[in-house]
Every structure is written in C-alpha cells, then in structure tokens.
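Take a look at this one; I'll ask things after.
Chain naming follows the written order as A, B and C, and within any one chain the residues start at number 1.
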Amino acid sequence: MQPGFVIPLWADLTAVALGGVQGALFASNFRGQRRLDLLGVAAIGILIGMGGGLIRDLLLGLTPATLQSDWYLITATVSALAGMLLAPLLQRLNGLIVGLDAVVIGMFGAFGTSKALAFGLPAVPSVFVGVLAAVGGGVLRDVIMGLPVAVMHVGSLYAVAAAGGSAVLAVLHAVGVQLPVAAVVGVVVTAVVRLLAVVFDLSLPEQRNLHRRRVAVETGLLPVVGRPEDRN
Amino acid sequence: MQPGFVIPLWADLTAVALGGVQGALFASNFRGQRRLDLLGVAAIGILIGMGGGLIRDLLLGLTPATLQSDWYLITATVSALAGMLLAPLLQRLNGLIVGLDAVVIGMFGAFGTSKALAFGLPAVPSVFVGVLAAVGGGVLRDVIMGLPVAVMHVGSLYAVAAAGGSAVLAVLHAVGVQLPVAAVVGVVVTAVVRLLAVVFDLSLPEQRNLHRRRVAVETGLLPVVGRPEDRN
Amino acid sequence: MQPGFVIPLWADLTAVALGGVQGALFASNFRGQRRLDLLGVAAIGILIGMGGGLIRDLLLGLTPATLQSDWYLITATVSALAGMLLAPLLQRLNGLIVGLDAVVIGMFGAFGTSKALAFGLPAVPSVFVGVLAAVGGGVLRDVIMGLPVAVMHVGSLYAVAAAGGSAVLAVLHAVGVQLPVAAVVGVVVTAVVRLLAVVFDLSLPEQRNLHRRRVAVETGLLPVVGRPEDRN
C-alpha cells in the first residue's frame, strides 16, 4: 500500500451519490411484468451506488470501505430517494441518464484500479478489479431484476470502456504519474469511450441484431433519442 | 471487537437448522418447469441455512465462521434432509413454514447486526449487514432457482422487517444494552413485523397487483390460507 | 497453513487454461435468444478459468491468488480466445468438451479442498469449499447467461462428482497422505465419476424427464453422442 493513499471521501461519496441516482432512475424506469415497489427502487439505487466499492474491496480481501462509515449508506439511500422522486422529470432527459451512467462507470473503474494498484497488485489484475468494480453493480442489478445481463448481451461497450480507462490509468501509474492524476484521466477516458459508443452506436462483432437492440431500448439500457429505427 | 463477544454455537446452529428445514421445504414445494433433484433440494436447504452467515462474514472481511467447524455443514445437511422427508407432512402446515421463515430471518438479521457492531462497524452499516444476512440467502435461492427475486417484487416486507429488527438492536446497543439482550429483542421485532405483514397482508405502495400475488402464492412465498381470492 | 504449501503455479495455470478453453467453447456453442458478442464469449472463458479460484479464496477470506500475478488473467484470456477460434473445429469433438469439463471440475475441486485443508479448516468445510470452487464458476456462468443453473436441474452429478473427489482427498489427508498426492487422486476420482455419469447417463432420483434432458443437450451441457433418443 502506498503510504497515505486513500480515495478522498468526497470523491467516493460523489460516485456513490451518482450511482444511487442512476440506479433509482433505471429501476423506476423499469416496466417489466412486475413493477418494483419503493423499497425495490431504493435497493437498486443502493446497489448501484455501493456495489462497485463492495466488489472491489471483496476482491482485494478487505473489509469494505463502504461499511466503515455511516456516510456511504446515507448518501446512497438519500440519492436513490432523490432519483426516485425526480424520475418523472429526469426520464425525459435521456442524455442526462446516459451521461450519469458513463461518469459512474468511469469513477468506479478508476477507483477500483487505483486502489488495487496502491494495494500492490500487478497491473493486469488491477485493471481487472477496475472493470469488475465498474460493471459489477450493473450485473448484480440485472440478475436481481431478472433482466438479460447487459454487459454480456448489449453491444454498448461498457466493459471495453471500463477496461480502456483502467488500462490508461495503469500505464500512467507505471510510468510514474501520481495516482490521483492518473485516476482522473482514467475516469475521462472511460466516460468518453462509453459516450462515443452510445452516440455512434458502436458495437463489437455479432452484435447488430434488431431484436437485441429493441430489448436494450425497452429496458432503458439504450436511449431512443436520435435513432428512430429503434422505435418500431 | 468487544472482548469475548461470540455468537453462541448453539444459537448459530439453531438458525442454521431452522434455515435448512425452511429452505428444503421451500425447494421441495417448488413446482416449476423443471423439478429439482434430491441434491438440488438439499443444496437450497444448505444455502438458506448457511447463506446468511457466509454473506455476513464475507462483508466483514472474515473467514466465515460457518467454515471453521464441521458442525455447521452437518447441521445444515441433516436438517435439509429432515425438511425434505417431512415435506409432504409439513406442506399442509403453511403457518409453520411462514413462522419458521420469520424466525430464521430474525435470527440471521440479529446475528449479522450484532457481529458487525461487535466488529466495530458504525450503526448504519451494521444494520445493512444484518439486512443482507437476513435476506441474502433468499436472494441467492431465487437467483439459482430462476425465480423472480422475492425481496424485490413481493410486497411481504422481508427487508423492512429485517431492517426494523436490526435497527432496534443497533439503537439498544447504542444506549448501552448488552448485545445478547439486544439481539433477542431484534429477533422478536423482525419476526413479529414479518408475521404481521403476512397476517394483515401489508405491503408497500405500488405492490397491490393480483398478478404478482398469484406468482407469490404459486411459488410458495405466500400462504394461501385464509385468502381465497388468491386461489383463482 | 502447512509450512510451504502452495499450489504450484503451473498446475494452477493449467486449470485456468483448461477452464478458459472450456468456458469459451460452451459460450460460443450457445444459441439462445441472443447471441453473445466476442467480449461475452471471452468473459465466460475468463469466468470459468478464474471463477473457481476466486470463490475458493473469497470463502477462505484471502486476497485471491488469481489476482496476485499477471499470469492468471493473461492465461485465461489467451485460452478463451483460443477456445473461441477453435470452436468450429472442437464443437464436433463432444467427447473432448465433456472430458475437459470433467478434468477442470476435478482440478478446481482438488485445489479448493487442499488449500482449505492447508489453511487449517476442518475436513467437512474443506470439502464444501472444494465443491463450491468446482461448480461455482458454472453457476455464475449460468446465472449471467440467463440459463437454468445446471448444477440444480441437470442430473449430471456435477456436484456429486466434485464432492466425491474432494471427500477422498480429505480422507487421504486425514490418514497422513501428502496433500499433492491426495490432490492428484481427488482430481482423478472427480473426473472419473463425472465421465461415468455422462457415459452411463446416471442421475439422481426425480431427474429422468425428457424435457430437461433436451434443454441440457440444447445448451451443450450434455453431449448428444450415442444417445439418439435425445435428438428429437
């Protein structure tokens, strides 16, 4: 562990709060066979807000940082409730949801990778921890909500974006850049890759399939803005 | 860690045994597209009997207590087998299954919260650990059996009951009550809230929906006793 | 911990490589409603290659060995890619896939059990850790791919084979056999039980049901070789 390396509480809580809002928006947007109750929406918000940090610390064999202070759960719960209340308003702002999502993934990926590096892990597993921290909350959400797991099926390059940002972070760290600086660059790279993937509708091979796209749109994983062919 | 705080083995094994019986009853009651084999029923019993303790200790970053002694697995397996053998008899006693379930949730919630408090965690995350310990086994069961996750969809106030009991426990601990006493009160509060929710058919907003109720009854999550409108 | 007990890196990496190939073959064989993209296939390969070791170390409360060196992830990724490229060729060799699967389960079971024993756990939980390490990767794969969990529903005696090999290992250890020798015997027992179960179509009670057999064949869990009645 690098002496004194700690993710600043304000940065960690910002990721938790954004994750809580994003999770609650996703869940309250959900129109499946069965609607979620208020507690279910809050639970998804808490899961997305805190899941990345929990997965990171479990993989590192540490008592989760998110359980060491009252503030994480309070922040996740309050922001999930705020996301729920504001959902009718925010659901029209698809761009905002997608943007939030990109920043949240970038933050969890960067925090995961930099904590793993600071903990002494080699570069490759550190990037792996970052990717799992970035996409793990979403995987848990999909499994618990009974949805197809978006990371596996939807060509929206979530994991690729997280891996890209985390890899840039690890390379910068290897060449001597300070972790906080490298982490900020990692967040930006992940968020930009993810946003470009959404804007230009990029995907990996074997992905362009109307059926799948429709599922993605219906479940709120992809915005319908600007791509009218998805709507039918 | 408070000096000498240990959940007594007999109490822990009681929770494991009750969980094993309850899980096996649930699983042998299960009539989905595919029936479970004997091993599957035993696996669900072991999962419910030991899942709460495993989740609690993983969240605390400890080697699970349930793996430190042979007795946990032996107890869970024997009680799951007993639950399987007695299932044809016990399935008529819906009240017993619901009651067992309420007590099991209460015990896992109270043990999770009190171990987290004794481990030095603040009150809010301690309650969170208690809730996850209480409902986590059931979430894993539903995911592995391919059922909708009951905690998310069924308005039976599982998580609310566990949170209530765990919160009362944490408050009593904060005002100086001994943990064992606080834990007993926590078990009682959780079990009573859960039973009241079943008896009076309480639920959170956005929950009263016949379709969902029917699923809950069919999957054995809710008893059909006394509520004839659920049967059609 | 027995002084100096370490699973040799070459043995661990062999299990990871075989798991990576097997996972990628399974995933590229998958023809569900939605096909996986390249990343999805690679992710399943990595999951099967590394899942057993991750689950084992999380249960033991250790930082996962698979994250302590770059080689695990590199091996899993390269072998998953190789499995993907060779899939059109290897898919005709059903026997090879089933054989690989049996050996992978045996290795993860034996490594899980022997590491738990070396770590000082009693015999029964050590066998339990071995079984979870052996079948855990497959459970995660099925949950993430939205398939019925094979261990629960398909009577192919996965868990029984893993438990048999792990139990033999634990008994040999208890009577004084060196762990490496006991581990090799454990691998062989598990693989042989699993292969005999496939060859002789063994299953536990309540399992012989054509519908389930067909699902198992379609999802690649059972080979169609030599059992023409499964093909219609």
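Note that contacts are C-beta pairs under 8 Å (C-beta built on N, C-alpha and C of every residue); 3 or more make two chains touch, one makes a residue touch a chain.
Small disclaimer: the values here were computed from a predicted structure and weren't measured.
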Query raised in the report: Since chain A and chain B are copies that touch, is their contact same (over half of the numbers shared) or different (under half)?
Result: different
Requested in this report: Please state the rotation angle, between 0 and 180 degrees and to the nearest 5, that superposes the Cα atoms of chain A on chain C.
Outcome: 120
Query - Whole-Å separation of chain centres (CA-atom averages), chain A against chain B - result: 30
**Report entry** Multi-partner residues of chain A (each touching 2 or more other chains)
**Finding:** 58, 61, 143
Report summary line: The answer for chain A against chain C in the complex is residues 58-61, 116, 121-125, 128-129, 139, 143, 148-149, 151-153, 155, 159-160, 203-207, 209, 211-212, 215
**Report entry** Footprint of chain B on chain A - complex, ascending
**Finding:** 33-40, 43, 54, 57-58, 61-64, 66-70, 72-74, 143-146
